[in-house]
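Across the two complexes that follow, chain A remains constant while its partner is chain B and subsequently chain C.
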Partner chain A sequence: MTTTDSSRVGKRRPALRAGARWPGRRSGASVARPGFAWAAPATLFFTLFAVLPLIMVAVLSFAEWDGVDALSFTGVDNWKTLVHDHVMLQSIWLTLLTTVLGVVVQTPLSILLGVWAAGKQRNRAVLSAIYFVPLLLSATAISILWRALLDPNFGVPSQARWLFGDGNLFGHQSTAIGVLIFVGAWQYTPFHTLIYQGATRAIPQVLYQAAAIDGAGRIRQFWSITLPQLRTTMVTSMILMVVGGMTVFDTVLILTQGGPGTDTTTTPYYSYVKGFKDFQFGYASAIALILVVIATIISLVIVKFSGYDKMRSSSEGL
Partner chain B sequence: MKRRPNYLAGFGSLVWLVLIGLPLYVMLAATLQSRPDYSSNGPLSWPKHFTLSNYTQDFSNGFGHYFLNTLLVTLAVVAIVLLLIPPLSYAIVRNQGRTTTGVFRLFLLGLAIPSQAVIVPMFYLITKAGLYDNLIGVILPTAAFSLPVCALVLTGVMREINSELYEAMAMDGATPMRTFFQLVVPLSKGGLSTIVVFSALQAWNGFLFPLVLTQSDSSKVITLGLFNFQTEHGIDVPGLLAAVVLSMLPIFIVYLFARRALVQGLMGVGGK
Partner chain C sequence: MKKRWLPRAVAGSVVLALGLTLAACGGGSSSSSGSGSFTVLVYGDASNKVEKQIIDTFNKTSKVKAKLQTIPGADYQTKLQTLINTKQAPDVFFNWGGGSIAPFVKAGLLLPLDDMIAKDPGLKSNFLPSVFNGAVVDGKSYGIPMRGTQPVMLFNNKKVLADNGLTAPKTWDDLLNAVKVLKAKHVTPIALGGGDQWPTLMWYEYMYDRIAGPGLFEKAMGGDKSAWDSADSRAALAKLKELIDAGAFGTNYDSVKYTDGGSVALVAQSKAAFELMGSWYYSQQQQDNPDFAKSGLGYSSFPTVDGGKGDPTDIVGNTNNYYSVLKKTKYADAIAQFLKLQYSDEFVKAHMAIGNLPTTTNTVNFLDTAAIPDYAKFQYDLVKSAPSFQLSWDQAYPQSASNAMHTAVQQFFDGKIDADGFIKAMQALPTS
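== the complex of A and B ==
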């Protein structure tokens, strides 16, 4: 059953041998179909390292564990604490706020850049290659780069006081949130630009030719043809932004550490702090579960909106 | 159709170029000067005395070792993905029974499981399995969390294979195994390179799992090395940024030589 002997173009009949190991559903002369055994290893692996942990989040949210001693079940204690934890409630608000601001900033930017980059001009191709460089950097690297650039003492703000006031962007809630939104946009806009670029190129040219004959100018064409044609892409892109934005963690950890105070403590970061700094792993799980519930609601919206699971061809949707 | 140049778009694109290019320039310039020079000249200046000492110092501070760890994690993750996903996608596309449809839905829902949400149980499981502070303990969850996107991408690609080709294979009496290796794999090469690049990037840039699942210097990956460098010697900006440049260097080289495959991989779920 090795790769070498099954890829060989042998004229022997491997049906019995392989059929015995991979019970496919074969009926008469119809096409031999792969059995569930083909899907089993991946399913098992994924269940063990993604689905099981997800179930365990729910279980752990009713328990107390400090990471060392045995875990003990404490009923709904964590949940009772949680509903009165103002840092937690604030974190949900902050997570939603940064997510919405992220979508509002990144969507128009990436549509404009994507439509621009879809042009076949040589200079656009060259510039696009530079635009996409942030995609190559890890979230860690990007956050570290901006932390250094925006450092109150050695960074750009210290040299441009006329623009940045006291220069301590990390010292006030509004500017700290602004930094998170800005760095998020710097990091993720290139990705969404890429999606819009591909989608724009897929718009049939004939639509533009017809519009040009009717005397529609460039701006009119953008509003009447390009934008409506990008509608499904917008749904996909925005949903990705929402799911990504709700779970931003590295950026917060490296840029603001949730501060000043708890002013930028978003839900994923708060869960990390409660677990891995305060060693209240049960409580951290309860926080994480709230995040999962929100993400699941969004994911159901994804599947409903795009009909991914019903698609039979990749040329549908997107 | 000849059109006049779009000045507004040109201007906007230049603004964006500055926004993207300037930080990258500052990063490179900072790494090429000594720390006192950087502090006194500020981030926007071009180095007067070139030096590579920041890079050599990073290597002597253990970054070479972190580099190897990251490489190991990346290779292992890609291997797991390549072993698991092609058979899975083949079964999803060709089996079409109730179970495999259910499996596909499971992976679709898996797209929405945020890794941030499962770090506590993951820490619990990995500790109980005796894999804490072990690279294997990083590899397994990292691979698991890149499976949904890879499954989605490769299934999309395999659905494009014409069903007449399968019938032709069946006429020859081909088994699923032979069909898989002689028809499905060769015709999904594009999709395979996409999932390789995607999972490699996920592993190379992965931060959260190493952060909560490893501790010692010997099992440190490069992103975690960057983070520790920042928290411990954040004041040494040139050295820190040199480490950032080192961490992205391999990806940048791939970008230069295989831009298409890389861009496809980056787009992952969004792309086609």
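== the complex of A and C ==
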């Protein structure tokens, strides 16, 4: 979205912008570009809190450190162990699975809710305000809440035996993953709904008016206008879901603790366990690095195949 | 351009500075080196009210003040380890002695207390020697006992047992019979917080002790990993499997936790009959369900197992908890005064009142003042007469082993791995 916007602005009102913001500058070539200094705070922040730690993690992955004793470099030992660690391999698979399931569950839900919430009716405004409440709660609070609600003896399952059986939701891999997906969706769907609501509202009304004249009904309008117009938004939302889904940690920690056994030990949680339970910070760093690499590759692939990188304004010609 | 750039740059750096300050705050603003006060870091649970009371008493007379900090149980060890070598490290901290402080001793972070003891021999002589020695590493004392001893016992709901014509089981067969009777009545025989994993581990600790005796674990800890593959080890696992397969724990124990009060409530509300837990279970029930703790909570030692090599009076659990002192503290003298309170009459009485059993030599004088004198006497005799008091496996092994151990323990209970799988997992644990 931002790419689209700035290119549009740049095309349409270059003179106005340059005149108002950069009175001192005359050179035509650089008028539309803000100075480098504007990027300095963000760059500094990013360097301090993202690049530097990342480099430190990379260094740490070649060392052994328990947080107390002196750090000792062990070469590629951590990486060698990692290759043969079946919990690690399983954790990558679990991370991908929960991410994909998260996208599959949340995307249709948030599109439907978002398009519905885009209407200007008063009841929709009130209800969407309520839908956004989970967005305001911390993930920790949400996880503790659901863990209590899903207690097999005192929670919802004890009142709905026909659905939950003995209520051993956290005792089987499939149901434990189900709980993680459900709680994740409960928590994040409102956020994506918000994105889709804004995007739907930005679709020019003339398109709908033209379609109505051509005799298209509501459903036809949804499929032929709304959905195609939301394409860029979908990519944005999906990238957020994928990156968010791959780094989900708090829900796993509180709801399942990676269990039963290691059945829901996703890569970020495994990294935590190795670091903060086993105190092998070097090994944990190696796991974290793998996660960074995988998440980056996936994001790049999405950007590439969705054509997001060379996307043009979808409102061109309007 | 220069003129306009400047205010923005200033604004930018102010925002940045603010952000950094906030970030710094998040890192923990409680300084331990404030004006004349030291921090005491303790595992957060029902016993904290005693720690608070003792600190209040100390602060009444001392110029240097003590400040209590607690960390909720499950996260204690994690937070301690990440904290201990930083500026935010506490001056005095709670631990389990032995294996739990060995890495800190190795890193030279802890203050040997022998000088303090030389000045005031009472710091040593007022504690039961077997317990005091739990925090001796390489011949030097690093900890002063600061809570009660915590043997693991089999607790029960007296009413549920009476309603079904049962009594606290004395033998393994009694227990199996109770399981059968209770299951037929649709009562979960044994409540288990399997979600926490360590309560499950207690069943292994007792089974191994009763069948193989304490020697097997000692051998394995000493580095002889073949002990796990012995006939005794397999026999213990088979017995345990027998109990699980009899439906003793119900089917949904993995979704139940002790730490969020789930299993505690099962017993208090008569939905389950037994729970195997440390002696702190009494103060937990007293906090959650005072009425039940007073009149409905029964207890017994772990049943004997026919043909087992272990002494039927052996116990497992935590010998005690300890206060250790950081080497870099500025208040060693004040701390020495503070540690003296850990054997005061007030300390003993306060712990007795919430069902804990201190390990000071004067404890025996106060058994009658305990919340439930019978419970205190029962525990006291249990600990006094036990030929072996096995420290919880996850405390005896180095911290780095506990996660893998807990995972194996849970997977064997769930049938995910068989005896071979469990033995292999235990053999893979680091022992030092």
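What to note about this one:
The rule we apply is simple: the second predicted complex is superposed on the first by the 250 of 318 C-alpha atoms of A that agree within 3 Å, B and C clash if a C-alpha of one lies under 4 Å from a C-alpha of the other, contacts with A are read in each partner's own complex, and residues count from 1 in each chain.
Throughout what follows, a residue touches a chain if its C-beta (ideal position, glycine included) is under 8 Å from a C-beta of that chain, and two chains touch if they have at least 3 such contacts.
Not measured: the values here are computed from a predicted model.
Judged by the touch definition given at the top, the superposed model places A:277 against chain C, while chain B stays out of reach.
By the touch criterion defined above, A:66 lies against chain C but remains apart from chain B after alignment on the C-alpha atoms of chain A.
Contacts of A:166 after superposition: chain C is touched, whereas chain B is not reached. Comparing chain B with chain C, the partner in contact with more residues of chain A is B. In the superposition on chain A, A:43 makes contact with chain B only, not with chain C.
In the superposition on chain A, contact of A:261 is made with chain C only, not with chain B. Looking at the shared chain after the overlay, A:151 reaches both chain B and chain C. When the two complexes are overlaid on their common chain A, residue A:191 makes contact with chain B while staying clear of chain C. When the two complexes are laid over each other on chain A, chain A has residues 22, 24-25, 35, 41, 45, 49, 67, 147-148, 151, 154, 276 in contact with both chain B and chain C.
Interface residues of chain B, counted against chain A in their complex, comprise 1, 3, 6, 9, 12-13, 16-17, 19-21, 23-24, 26-27, 30, 38-39, 42-44, 80, 83-85, 87-88, 90-92, 94-97, 99-101, 103-125, 127, 140-141, 143-145, 147-148, 151-152, 156-157, 159-160, 166-167, 169-170, 173-182, 204-208, 212, 223, 226-227, 230, 234, 237, 240-241, 244, 247-248, 251-252, 255, 259, 263, 266-267, 269-272. For chain A in complex with chain C, the touching residues are 22-25, 35, 37, 40-41, 44-45, 49, 66-70, 147-148, 150-154, 166-171, 257, 259-262, 273, 276-280. Across the complex, chain C meets chain A through its residues 1, 4-5, 8-9, 12-13, 15-16, 19, 23, 78, 81-82, 84-85, 103-104, 106-107, 109, 194-195, 197, 250-257, 260, 262, 265-266, 271, 399-404, 407, 410-411, 414, 416. Within the complex formed with chain B, the residues of chain A that make contact are 1, 3, 6-7, 9, 13-15, 18-19, 22, 24-25, 29-36, 38-39, 41-43, 45-54, 56-57, 60, 65, 67, 109, 112-113, 116, 124, 127, 129-141, 144-149, 151, 154-156, 158-159, 186, 190-192, 194-195, 198, 209, 212, 218, 236-237, 240, 243, 246-247, 249-250, 253-254, 268, 271-272, 275-276, 281, 284-285, 288-289, 291-292, 295-296, 298-299, 302-303, 308-309, 311-314, 318.
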